[in-house]
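Order of writing sets the chain letters: A, B and C. Residues in each chain are counted from 1.
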Amino acid sequence: MIVFQKPHALTDAPMHYCPGCTHGIVHRLVAEAIDALGIEGKTVGIAPVGCSVMAYNYFACDMIEAAHGRAPAVATGVKRSDPDGLVVFTYQGDGDLASIGMAETVHAAARNENITVIFINNAIYGMTGGQMAPTSLPGQVTQTSPYGRDVKACGYPVRVCEMLATLDGPEYLERVAVNNIKNIKAAGKAIRKAFQNQIDGKGFSLIEVISSCPTNWGMTPQKALEWIDEKMIPYYPLGVYKDRSAAKEENA
Amino acid sequence: MADKVLMKGNEAIAEAAIRAGCRHYFGYPITPQTEIAAYMAKRMPKIGGTFLQAESEIAAINMVYGAASAGKRAMTSSSSPGISLKGEGISYMAGSDLPGLIVNVQRGGPGLGGIQPSQSDYFQSTRGGGHGDYHLIVLAPASVQEMADMTVKGFDLADKYRMPVMLLADGTMGQMMEPVSLDLSIAEAPEKPWATTGTKLARTHNIVNSLSLVPEELEKLNNARYAKYEIVKKNEVMYEEYMMDDAEICVVAFGIAARVSKNAVVAARKNGVKVGLIRPITLWPFPTDVVAKAADKAKRFISVELSMGQMIEDVRLAVNGKAPVELCYRVGGMIPTPEQVLDAIENGGAKE
Amino acid sequence: MTKQILISGFGGQGVLFTGKFLAYKGLIEDKHVSWLPSYGPEMRGGTASCSVIISDEPVGSPIVSKPDILVAMNIPSIDRFEDSVVPGGVILYDSSLIDRDVKRSDVSAYGVPATKMASDNGIPTLANMILGGKLLAILGEQGEEGIRAALAKVISAKHADMLDVNLKALQLGANA
């Protein structure tokens, strides 16, 4: 009896992520959603620039590597090429989605582009070695905020779900975390819903996944997971920020 | 000419693109090319196509990148400042070997510059424009008919060689109306087995990508791309020669500058001056051999440009020191007059 | 035979439309033609102009810098372009808006109070076509078939009812 196996939507390529990094968990959750919905053959994924730049090697569906921050625009082009035939998702980090690509993010949401966005928020630029991200916390020490993020000089972190929730456009916005079993289960459910929404033609769904970066946070993997509970979640509360279909049902 | 209609150059591009099977247009408003977007906005919804006004030039080219990845004939259009913004996406398209058509209806620069015609994006277009080693095929129409013809040709070449193609026009070419026949010969787009259209679980996944972290592999990819460019250079050079048979003076000009120059050549011939015109239609690949051959006979070359002298470098490389090459130019949205070019032909010297 | 025509006036006076009409008429009569507008913010309220070339030969440069015929619909236009007309050329102007004579003595000048005529005849927006009618009369090109066909091309189907009033304006101009 098989009790545990790799999802079909993941390839056999060994992942390059650091020990304790949560990208692997989120990759698996995305692949499980694709498997569960039986959509691998018609799914196209868009990889970002950042730590998950090589996600195109790990997902078994067709993949495109986008320029830094442009994944929602690329996804728009793909989705519009075959709106009924393809399921399109982007997988982006905080620098990619909330800094250099903020315009693409906001406008894809405003258009209610029928795509699924997986947003990894670990409050740091991982690939380039730990610089301040748009989501780095006030006071957070990074390579480019060596004395701690000074909000007077660098401004405040961006709460993406809250900000996008002010728009009429997006269908679904939820923030989840992957630092314990309970949260991972909830994250898997949210990601699956984000894909289901696209299949149902409901529109733009973004799942913000609060993740850890033990290497660049300078913590053990265990300590990093605890730091999510202690520091990240208080600043970035988990929950559903927008669910238009549910709101409609309530009003009906 | 019963089969011809009067159309603006910009409109001819849009209609020809639709006839060439383009159903995906992504753009952003900028003068003097906005008629293309307006035309697409009107037509695309009626033929099941996509017109999308993107949030930026950057987003627009990346939408083209996406639609091209999915195997569609896709295009964007802009004018000089917008093309600079698209530079990133164009480089990624070149690096990912994606076909696509980018239209640049040039205006004066640098910076925000002006909105009147210019040819000062010659370097940007023919040298790639973005980062890295790559070329675009650059087509330079000189009539509204060629705006239509080169649009179709552009899609064909893009698909044939899996590379982005730029149609390089200017404000005059975009805004002017001329009779145009839309009886265009359209080749069918080739199969695109590399496209990301979903695996249907019937093949391993396709990846559209320009990242290659192993230097040996990236070098190999660049070499392969340049081998392809050599084939393009061999097969796809286009040009027009006008009164070149006995020419002792050779004017080289493209686009609107070539039309002005033609008037000057005709006038000079009436005065008994043996002058001819070479009009490059492909700016990359440049008709180097044609210019080089002309240099066997011609004693003097004049590059006529709406720039401070950009194409002149390619003319000089082709002439290779066999004859002097002079510049005749106007910039900033100004256009040389036939009289100015005639003066340059008859009296020589680099003159503004 | 090549005719280089420059039509200039305020944006909204219909100079581009008249130019388009002349170009289409040329096309229908198997001529080589080009039409090039001024473009940009000056179109909104400022001066608008267009270059029209009608020729038996392929058109080289589409820019008319030395017109054979200048049609001027306001003072800035005649001030700006009067000197550029070739000797022996034609200056046709709206004398209800341009209250000065043409200074050049080496051109044929025709003043037509087109704006006033348009207003008097209940077609206040068609001064441009009154001048167009006069221009055709000066050129001796009044074949009605070509005129009708060209109008049908430049007047969109939505405004088909405008065809007759345009014909009327052309006729008024021809008789002026």
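Keep in mind that, in the parts below, contacts are C-beta pairs under 8 Å (C-beta built on N, C-alpha and C of every residue); 3 or more make two chains touch, one makes a residue touch a chain.
Model, not experiment: these values are computed from the prediction.
Novice: Give the label of the chain whose average Cα location is farthest from that of chain C.
Specialist: A
Novice: By C-alpha centroid distance to the whole-protein centroid, which chain wins?
Specialist: Closest to the centre of all protein C-alpha atoms: chain B.
Novice: Find the geometric centre of each of chain B and chain C from their Cα atoms only, then give the gap between the two centres in Å, rounded to an integer.
Specialist: Those two chain centres are 34 Å apart.
Novice: Centroid from C-alpha atoms only, then distance chain A to chain B, rounded to Å. What do you get?
Specialist: That pair's centroid distance is 39 Å.
Novice: What's the distance between the Cα centroids of chain A and chain C, rounded to whole Å?
Specialist: Once rounded, the distance between the two centres reads 61 Å.
Novice: Show which residues of chain C lie in contact with chain B when the two form their complex.
Specialist: 20, 23-24, 27, 30, 32-37, 39-40, 59-63, 65, 153
Novice: Which residues of chain A touch chain B once you look at their complex with the stated criterion?
Specialist: Its residues touching chain B are 11, 40-44, 46, 53-54, 56-57, 59-67, 70, 73-82, 85-86, 103-104, 106-107.
Novice: What residues on chain B touch chain A, complex-wise?
Specialist: My answer: residues 24, 26, 50, 52, 54-56, 58-60, 62-72, 74, 88-89, 92, 96, 196-202, 204-211.
Novice: What residues of chain B sit close enough to touch chain C in their complex?
Specialist: Residues 1, 4, 6, 31-32, 115-116, 171-172, 175-179, 256, 259-260, 262-263, 266, 335, 337-338.
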